[in-house]
Every structure is written in structure tokens, then in C-alpha cells.
Amino acid sequence: MQTENYLIRKSSLEKLFGNLIGNGKIVYAPKAKGNLALFDKVQAFGEITEDYIVTANSAKSVTFPRTEKLFSYHKSKESTEITDAANNTFPDVILWGTRPCDAAAFIPLTETFNGDFQDIIYNKRREKVLILSFSCKRSDEYCFCTSVNSGPGNTAGSDVQFTKLSDGDYLAEVITEKGQLLVKENCNLFEAKPEEDKEPNLAIVATRFNQEEIQAKLQNLFENPVWDDKSRACLGCGSCSYVCPVCSCFDIQDEAHGNKGTRLRCWDSCGYGLFTMHTSGHNPRNTQGGRWRQRILHKFLYMPNKSKVAGCVGCGRCSRSCPADINILDTLTSLQEEKPNE
Amino acid sequence: MSKIGVFICHCGENISSTVDVVRVAEETGKLEGVEFSTDYKYMCSDPGQTIIKQTIKEKGLTGVVVAACSPRMHEPTFRKACQEAGLNPYMCEMSNLREHCSWVHDKSEATTQKAIDLVRTLVEKVKLNKPLYPIKVPVTKTALVLGGGIAGIQASLDIANAGHKVILVEKDPSIGGHMSQLSETFPTLDCSQCILTPRMVEVAQHPNITLWTYAELEKLEGFIGNFKATIRKKAKSIDENICNGCGHCTTKCPTKKIPSEFNTGLGTRTAIYVPFPQAVPNKPVIDKDNCTYYQKGKCKICEKLCPTGAIRFDQQDELVELEVGAVVIATGFNVMQPSGFPEYGYGKYKDVITGLQFERLASASGPTLGEIRRPSDGKIPEKIVFVACAGSRDPAKGIPYCSKICCMYTAKHAMLYQHKVHGGKSYIFYMDIRAAGKNYEEFVRRAIVDDEVNYIRGRVSKVYEENGKLIVKGVDTLLNAKPVEIEADMVVLASAAVANPGAEELAQKMHVSYDSYNFFSEAHPKLKPVETNTAGIFLAGACQAPKDIPETVSQASGAASKVIILFSQNELSREPVVAVVNRSAPPVYSTCVGCFMCASACPYQAIGEELITDRKGNVIKRVAKVNPGLCQGCGTCVAFCRSKSIDIDGYSNEQMYSEVMALLNND
Amino acid sequence: MTEFEPKIVAFVCNWCTYAGADLTGTSRIKYAQNVKIIRFPCTGRIDFMLLLKAFGEGADGIIVSGCHPNDCHYTSGNFHARRRWIMFRGLLDLLGIDIRRIQYSWVSAAEGAKWADIVNSTVKTIRELGPYTDYAKVAGYLEKEVKE
Amino acid sequence: MNELIQKATILLESNSVQVVIGYGKGSANRTRAIFITQAADCEKLIFDSRCIQNLAVYLTKQEIKKLGKPAIVAPIPVLRSIVQLAAENQIAENDLVVLGVTPESELVEFESFAAIETFLSTHRIEIEGKYQKTIEMIKSMPVSERFAYWVKELEPCFKCYACRSACPLCYCTRCTVENNQPQWISVASHPLGNLEWHVMRAMHLAGRCTDCEACYNACPMGIPIHLLTKSMLQDVAENFGTYGPSLDKLNALSSFKPDDKESFIR
């Protein structure tokens, strides 16, 4: 559909929030915690912080929770009864205050869950999510959205995107039908707005590399010292994957309690040594260098090769949260200088 | 897939009267992996065991749960039955439905439900059991016997006569113990020393017995068949090899007024002394605390007089390490000092004495040469009162248990008195007369009928002195609680038999359990009366509980036979419940990271290190390794291991975890 | 309304408390059915995680019992256990895991009556504290059917 | 830090070590661990108050071990970890050069691990007052409230195990949480799984933790997990009278005293 532009007054924004909460919707929004902002359930408008570049955690958990019940079972000597979680009804969730990068991340994420296998639970959850993104007025040196075909005002993935204008009011760009419905239900809060260039109200994010170039280079960079060099300080934790809005690897776990139990889908990370460990003890990816390479290749080569969408939206979270200060941009920019293997 | 058999025992009616055993069998039969479940009157009986054995064979069971009494009772029985049916014995577990359920709860639904829970828990455990095979360890065929009383003497002689080496350690300068202090013995009135001394001499001369007197256990390490004992040989201040036992030193020693322990303070001894004339070894020791030279630095008369030059003032205690395969504890008992009972006047009036003191007075080798004379003035008492249960059966001020020997020895004392003091009058205040034993009741009858001892059923409330007499006030409960007052010349208190003062410390050194009175605990009150909870350590005599001589001797022979059985094999099969460090294929080899916290926690120093090397001999990994011979299976290391790399067979992480899960999830 | 019947798991060593509980039986001293025993070789073997697991699986209370100090069949397993418990208890308390629900005790093979007393008094304590709903709520997150 | 750079250069030039583990410039205003193998690169070494990562964690990492014998830039927290790692047989004196850095940014060299221990005896671990206060505040809550407090604090934990990976003492090749026979700890990061994980982590550090705060610094969600280990450090000190790392192989939990005091065992 064609994007529709509206104006929403600063004061109306709070009313909009009030209406949503009033209708019993679950709202996730950035909440301050120490020096961090975290996506969390909020009840009141006052809980929401505006002071963040991006939140420490991504918003992916609303569609891909870190622990997802797939089914539960109850077995006896004769038979086993299974309750499939795919039959569940999932709640309406509103993501309030995602950055454009986070909203855009749902595109590759949804691709992943709809490849060879259509994940019912993921899709049911995704259908119920309304994404109200806020464009970026600030960026930091970790941000590189513009290098991965996105930007501080990218509306892809959002249902509605709000941009704070110089007078404190907001431009509301309605991108989807879901967004239209929101405007309809709260029409008294939205005013018509003529076409306006929002660029002056956005942060400037320098383009650091070209994604397509990197993709082409990576075809022939499997054996390269850069992987070990750039990952030497890697501690082998999973924080980069877990804060990443696109990372979607998971592990299947059964939790048994006597004859009852649950099968769970839990987040997993290619940063862990155990991720590729075989039962025999052999580990094809047995150093952090190999694991770091996998992370980069997966995002910048395998995913775009497979589904045309890269697995990175340039939010920079992985670098910000890395306890060893391993910076993905460092690796990517130095890759640009590498000569591909012949 | 597991095929578990569940066998619920009624134990006659012991279990079935409160637990619905049929339902327990029915409910547990529904559990996954349970192939068969049944209940039976007596699972431990022959037909009961046959049911188990047949079912194992017919159903091809992979595991067995017997829900019956405590595994501490019948685990070996049922494991053996499984083995006979071709199932590894460690694939059998017991669920304790008797001691932990039917005997402690009333009949109710909750009791049956608890029984079901307990059985289910063991079913889940046994599913994770794995076949285990006994560990073979060598046996050092030398026994250590602690204590040279009649118990230690008997045990030593029996073991030695079976052809095994014995080291007999006695803390006093001579063996003989309490029995050597006794005058005559009930119920035969034969002279105690006359029957004991030949045994003492036999010990001294036996080629298989090494006798160390004036010595004590310092430390005991190791395990059955392989103990390492450290003995402190206290300095006797003489060279035993040179001393010929002539006795010059003891007669000339200037310090002569030391109360003689052997004569219970009724006589004296010198600082260099032999405790009694028939002592074995008959060689003196110097009592450093009372010796003038040791205390004041001058004297050395004994050294000057000694014809062989055997005195060694510079002798030091010596610590000797021994390797022994078994230990018999025969450290005896002690007599409670009745000073906690001021009403009896013990300690206040010289003529109120204990039963043991009376033994010395009545003994031909005693301070009065066997004449009954008052300690105060040496007069022969015309009237004598014996007080039974002076401390025994008195939970308030004494000890709650019965000292067992007092009824008999008090009858004996009264009888000896009547025989020695013609025309004397003797009275015994008693609570009950306990004379169960061969010829015991007849003996007491003889005292009452033939020797006219006056038995008064009642307690003594007060003893006090008046005009040179001891006034004994009491009550005769058989005569409508009529007050009784006797003007006596002497009062003898049958003071309680208690544990030795060092018993608790000794038990801790040896890691054997003991009861609240500090008597050593037998492994089972009925079926393992000479064993302790620690394999290879046995009990003989009154260190376990008060006993008379025949009982002590029987138990000593029993303990000896246990040692002889142990020594009849060159190798010992040990329970394979030991810790193991995991190993796996390269490149992991083991998940152990070699922090060795387990090694520092192990009480047995059973954990060493192992170097994992490649083909060229380069060290790849340094990991912990358990010596299964030393490991005793406590599992402390297992709970310590952060990476869960060490586990214990029989109580593995998976087994304990599944027990918790099963116990709390009844569905 | 039926009275709350707490689920209590007892982690006991084989040599002292298990034997002590046997003696309770031999002596026919009655106690509440709520406590069920799991036999360990030694208190030194008792992994703190098992206690936590017990709460996670719905236990309302826990008894941990072994040989008195100096009486350990394995000489020092109970000393190690004691240190572990001191630390564990401090941590649980800081975390707000109700340490009143864990009764530690020394019960020797000769203390049949003490075992009955420990059981009965623990059952009484846990009855007073009520079901451990705080923990059950956390443990039952996936079921969301925790009974208040 | 010229002294440090000079020393590192000499070590690499003389091939006394093959790698220097130190701090270099990082992203934004951060510093990061750098691994210098060429003497010429030693100039990249920096040291200032931003250098808070505990570098000792790298001493047991296989990727770093492969580089050869290391020298390590070691401020106080790193020194403490080195002593504890030595006590736990994870590092050997001859396989490591320690470039100690005092709080005043002065270089100290050590002849032996024992010398480090001696040096540390004048730099004892102290739990800062603000933490003591927080711990006291938490302890003063009613038990139910305290539990709720922690459940909420631990809620953001998604089990990335950054706390574990950043801790020099979490060097196990297989962590308990990775053991699934049995599955001691729920892998899932639901409230129970999170609680169990943090109890286990803290218990496994009891008597070992050197209070470097690496776990807290590493946590991407800012969970105050260091309060658990700090509180346990206090408990160790109060109950067993020991505080901080020691070369003595017997640490607080693998040793005991027969007369250890407690008030809760009946």
C-alpha cells in the first residue's frame, strides 16, 4: 500500500498509549535500567524512556521468545497424550519505540521461520504484533544501518513509524493495513499531514561498507587470517547472538517431570563451543575464529544468497554488548580491504 | 528398555497391617518399565526368594526392587538371590517399607500412598543402575587387638591359635584388665586370677602374639584388610629387653604412698612399679608423674640398684606404624564413681566403698589378703549393707540402662562376706533381682537360702555416720513401704558400669559409631553384634555394653572368628561402590579439568592424577584418577566436582537426581 | 477443607540418619507420613543442586541429615557438607529462598527418637509456613496452573 | 606506560614470551584485550582506569594457549585470579610472565606466584560500602519480597553465559549446565532456569571468587549478579575466616575445621 502521512501531537501520543493499554493490549517499550534501556512490558507511559540509541535487548523475543513451548506431553505405560502449542491463541502485542533497524529485522527473521518449514507458532505470534517504530535522531559509532541497505528513517517492517519533528510533534507514517486500523481506531488523535521531508529530523549514519560488495567478497574468504585475528579476544559467550534482532538459532530441550513434560525451543548461539560439538567429541568448528567466521558468513553470505535479505540490520548491538569489545564493524570494514582468495 | 520386577513383602503382618500391599503392587505395576509386580507374605523366605529368581528368569528382568524391610537388613539377601538367578546383584534395590513406613505410621491411605512413592522412587533409581563387579583388595593377615582384658586376651589367643599374627596393645603396664582385680567369680566362686593368669601367660608366650603394654592407638587409617595403625608406645623408662623383673627397684623406691590403681586406692604402690604380682609382663614401669627424679631431678635410686642397668630415664614415647588387616576393639568399661550420689556418702565416709573395691578386699592378693576389713579402722564389719543399682537404672542422676552384672556380683559379695565373716549380717537393697543366666538364679537362691543374706526390695534414701556406725535409711517396698534403718559397719555400692573416659575419642579415631553412653555401636543389634559399622573393625566385651565374663569371652571368640574368616582369604572382595572420573574418546578424553578440589576433599587420599598423553608421550591433559582400592565410596568428591566429571557407582548423579524427580512427581 | 499436607524430602546419609530412622521404626515411634527418605552414602555426597531441584519439583520442605560431627563413617564427609550448607544457606537466604523450609540435623544411628522428633517438628514448621507457592510459581512458569 | 611497553618489547624481542596479553584501544571510549606477538606492536599497549576486563580469563583459553608462552598485564584483579588459578592447577609458574600493575599504574614484576600472594596480602579484597549496603538492604526485605526482587532482577537473563565466559575461574571444559545426564540446570531461560543457573554459578564460585566483577561487567542485561558472589565472600570471611585467593590448595569449600561453627543444624 501507499504510505499515508499523519501528524500526531506530542500530547496525543500519551493518549494513544493509554488507549492501547486500555484495550488490554500487551505493550513492550524501552525502559531505563541503570545505563541501559531494555525492551520490557510496560503498563504506564511514564515507564517509557526516550533516552536510548537502541535498547540493549532486541525486540525479537515477541515473535521468537527465548523459551518457546512447542508442546507438552503426558505419558502413561499405554499411551502418550500431546498438547500442541501451535493450537494456542497468542496475545496481541504492541512494540512501541522500536528503532527502524529493529523493525526491519523482522523481515529476515520471518524469512528464516518460513523457509523450508513454515513455523506455525512464529507466524501466529508475528501476526499479532503491531510495530510502532520511532526513527532515530541520534546514532553512535556502533551504528551502521546505512551500510546494510537500511537507515535511521527506514520504514520497512514497521506498521507505523513516528518521527519527532522540530516542534516536538510527531510525523506518523502509516505503512501497513495494521497501521491504518490503528489510525482508524484512534482517528481523533491523528491529524492529516501533507508530504514532508523527514530527513532533517533524522540522525546521520555514515555508510561504512557496501553489503553487496562484502557478500561478493565473502564467497572466497573462508580461509583467511582475519577470522582468528578479529576474534582473538572472543570469550565464547552468546551475548552477540542473543541481543541480535535477527539471530534465530535455537536448541530443542525437553523438560521432564515424571510422566509429564514440555518440549521447548530455546535460543542458542554459534558462539558456543558446544554448538557444533558432535556426540563423538569431534567438533568441526573447534575454535572461536571458526565460530566468528560462521556468524559473519551466515549473516552476510548465506542468508542473502538464500533469501535475498541479509541477516544484519546494522543496529550494532552485538558490538555494544560484547564483554570483550569485539566489534562487527571492525571485522566488516577490514574485510573490505582483504583480497579474496584466488 | 528396562524390565523391572517389583516385589512387595508383607513381612508377615509387619508391613501389610498398615500398608495396603496389594495396592502398592498394583500401582507400581503400572509404572513405565515395570514388567512385573507382586506381593508375598515373606519375600526373604525361601519361597519368596524363589518367586524373585523365577521371575528374573521367566520375564528376563533387568532390575529388581524388593520393597520390604531396611536394606541394612536384607539387601545382601536379595542381591544374592538376584545373582543366583543370573542378574548382576547391583541391579537390585530395596525400598524400605517396614522401618521407614509401616512401623512408623498408622494404617491409612497416606501410609499406602507413601509406600507407593517410596517404591516408585527406587524403581526410577534401579532403571539407572548398572552392573557392578566386586573390587579385589589384598588382606594383611595381622590383627590389631586393642585392650588386654579378658576380651582382648581371648580374641588374641583365638586369632593367634588360628595361625595369624596378632598385635595386642594395652594401655596399662600389664594385661589382665578388670578381671584380674576380681576376687571370685559368679556363679561358680572360682578364683578370678586362678583362671585368668594362665591365659595371660599364654598370651605373653604365644609365638604369634606381639604384646605391647603401656601403649595406645594414636591413629588409624585405611580400610578393611589394609589398615595402617599408628601406636604410641609410652616410655616405660626401662629397657624391657634387659630388665629381668627381679623387683629390687620396686622394693627400694622411696616414693611409696601412691594409691594403687589396681587395688582401687585401697593399697599403695611405688613410683616404679609392677601393678600386681602376677602382672604380664612382669616388668616395672616408672610413673613419671609421681617419680621424684622426673619431678624434682634427683633420686635415681632404682638406676643405682638395678643389677642389669635397665633403667632409661631418657626414654621417649615411640610411634610405631603397623599394617594390619583387622582390628578388635576390646577396651572394656569403667566403674562410675558414685560421688554424684551424696545420699550414699561415698567419698565422705571411708567405709562406703564400691563393688570393685569390695572385690579387692575379698581378694586373697588384695590389700587385706582377703580378709573383709573396714578401710577406716581395719575392723571386721559385723553388719554390711549392699546397695544395688547405685547409679544404674536411674535416668535422673545416673544412667538409664541396667549395668547387668551388679545383681550377680552383689549376691556374690554378700555370699563371700557370709563365708568369711561368720555370724556377720548382710543386707542387700535392690530394685529387682536380675539373674537370667545359666546357674545364676540358683546362685542368688543360695545366697538367700543357704547364706541367709537379707534381701530388701527398696531404695536407700540416706547413709550417715553416727557413733562409729553407718546408719542406712531405706524403705522396704514389699512391706507396705515400711521404713528400714540399719546400723551398718560398712556399705558397698554396686556402682554403674559406664564407658571408658577415652571411648568417644577412640571411636572418632577409628571412625566407628558409638551410642549416647559412649559405648561402641555394633553394626546390627541382633545379627551383627560383633561387627561395627566400619568393615574390618570388630567389638569384644564391655566396650560395647556392660557384660559379664562368659558373655565377654563368647563375644571375643566371636570377634576372633570374624577376623579369622577375613584372614581365610588372600584377597577381599570389596563393594564396588566407588568414585570414577569420566573418560571419553579424543579429543575430549575426559571432562575433568584437573583442578583437584576432589583430591583435597577426599578423606582417604584416594584421588591422584593421571596424565593423558598422545602417542609420542606429550601430555595432553592432566586429570584426576580415583584409586578404587582406597576409595570408600562416600561421594564427597562427586558433590564437589563443578564439571560433574567424577561420579560414584551405585549413587550416581543420574540415580540420585531421578530419585528426587520420582519422589516428587507421582504422575 | 482438608489440612495442607506438605511434601517433604529427606536427604540422609546411610550410616547415621538412615540407620537412626530404621531405629525409629524398630522402636515403633510414630511420625508423620509427609517425609520421604532418599538414601545417600554420606552427607558429603549430597549435591546442593538436588535440594534446589526438590523445591523445583514441588517440595514444600527438605530435611538434610547425617552423622554428628566427628562421627562420619567416612571421617569427614559431614564436615565438608557442613561448610557447603553454611554457604548454600547464606546464598539461598540472600535470594529469598525460604531457608526455614530446610531443616539440617545430625541424627545418629542411636537416635531413633530424635529422628521422629525432627520429622514431626519439620512437618509442623512447614504446615505453618504453608505450601511453597513462591517457588512453585517460578517453577510452574511453563504450566501457569499453579494453585494458590 | 613506557615502562610496561619497554618490558613487553624486551620479552618479545628476547623470545622469553611469544605473546603479551594486555589492554589496547577499543571501540568508542573502551579498551579491549589485545594479544601482541610482534615487539613492534608493543606501543599499542595502554593502561588506565578503563582497563577493567579481567585478562586472566585468557590464560586458560585454548586459542590463546596456542600462541605460546604469554606475558600478561596484570592489575590487582588479574593478580588475584592468577593466584587462584595457580592454586587450582590451571597455570604453572614457568609458563607465564606476570607484568603486575599497581593501582598507581606502576609496573611490578614477580619472581614467583608466592611473591604475588605476598604482594596481594597488602591489597586485600574489600567489599565496597555501597555493595554492603545493597546486600544489607536486600537481606532486610521479608523473604517473599526478597525472592520476588531476585526473580525480577534475573528476569532479563537470557542465558548468554557472558558471566561465565568472562570469569577467569569458569574454565571448565564442560559446565554443569552443559551436562544433560542428568540435566542439572534447565537450559531454558525461564524464571526457574535462570534462578538455578545463578545459584549454581554462585555456589561454584564460593570460596574461589576473587571479586573482580568481570561477570557483572560482562552481563549485557546489567543484572547485578556480582552481589551474589560478594555476599558469599562475606559469608566465607565470617564463617571460615579466610578472604580472597590463596595458593593453598585447600580453599574454603574443599577444606574444613572440625569445630566450624553454625547455628542451624539440630
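We call the chains A, B, C and D, going by the order they appear; numbering starts again at 1 in every chain.
By our rule, contacts are C-beta pairs under 8 Å (C-beta built on N, C-alpha and C of every residue); 3 or more make two chains touch, one makes a residue touch a chain.
Predicted model only: the values in this text are computed from it and were never measured.
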Closest chain to the centre of mass proxy, which here is the mean CA position: C
Inter-chain pair with the most contacting C-beta pairs: B-C
Centroid distance [mean C-alpha coordinates] between chain C and chain A, Å: 46
Chain centre separation (chain A, chain B; CA means) in Å: 72
Approximate Å spacing (C-alpha centroids) for the pair chain A, chain D: 32
Distance from the mean Cα position of chain D to that of chain B, given in whole angstrom: 51
Of all residues in chain B, the ones touching two or more other chains: 588, 601, 640, 653, 657, 661, 664-665
Multi-partner residues of chain A (at least 2 other chains): 67, 255, 257, 264
Contacts with 2+ other chains: residues of chain D: 176, 184, 190, 253-255
Residue numbers on chain D that touch chain A, as the complex places them: 26-28, 30-35, 53, 57-58, 61-64, 156, 158-162, 164-166, 178, 183, 186-190, 193, 214, 217-218, 220-222
Interface residues, chain C side, partner chain B - complex: 5, 7, 9, 14-16, 18-19, 21-26, 28-31, 33, 36-42, 44-48, 50, 53-54, 57-59, 67, 70-77, 80-81, 84, 108-111, 116
Of chain D, residues touching chain C in the complex: 135, 138-139, 141, 143-151, 176, 184-185, 190-192, 195-196, 198-200, 202-203, 206-207, 227-228, 231-232, 235-236, 239-240, 252-258, 260, 262, 264-266
Parts of chain C lying in touch with chain A, wherever the complex brings them together: 57, 142
Complex interface listing, chain B residues touching chain A: 30-32, 584-588, 661-662, 664-667
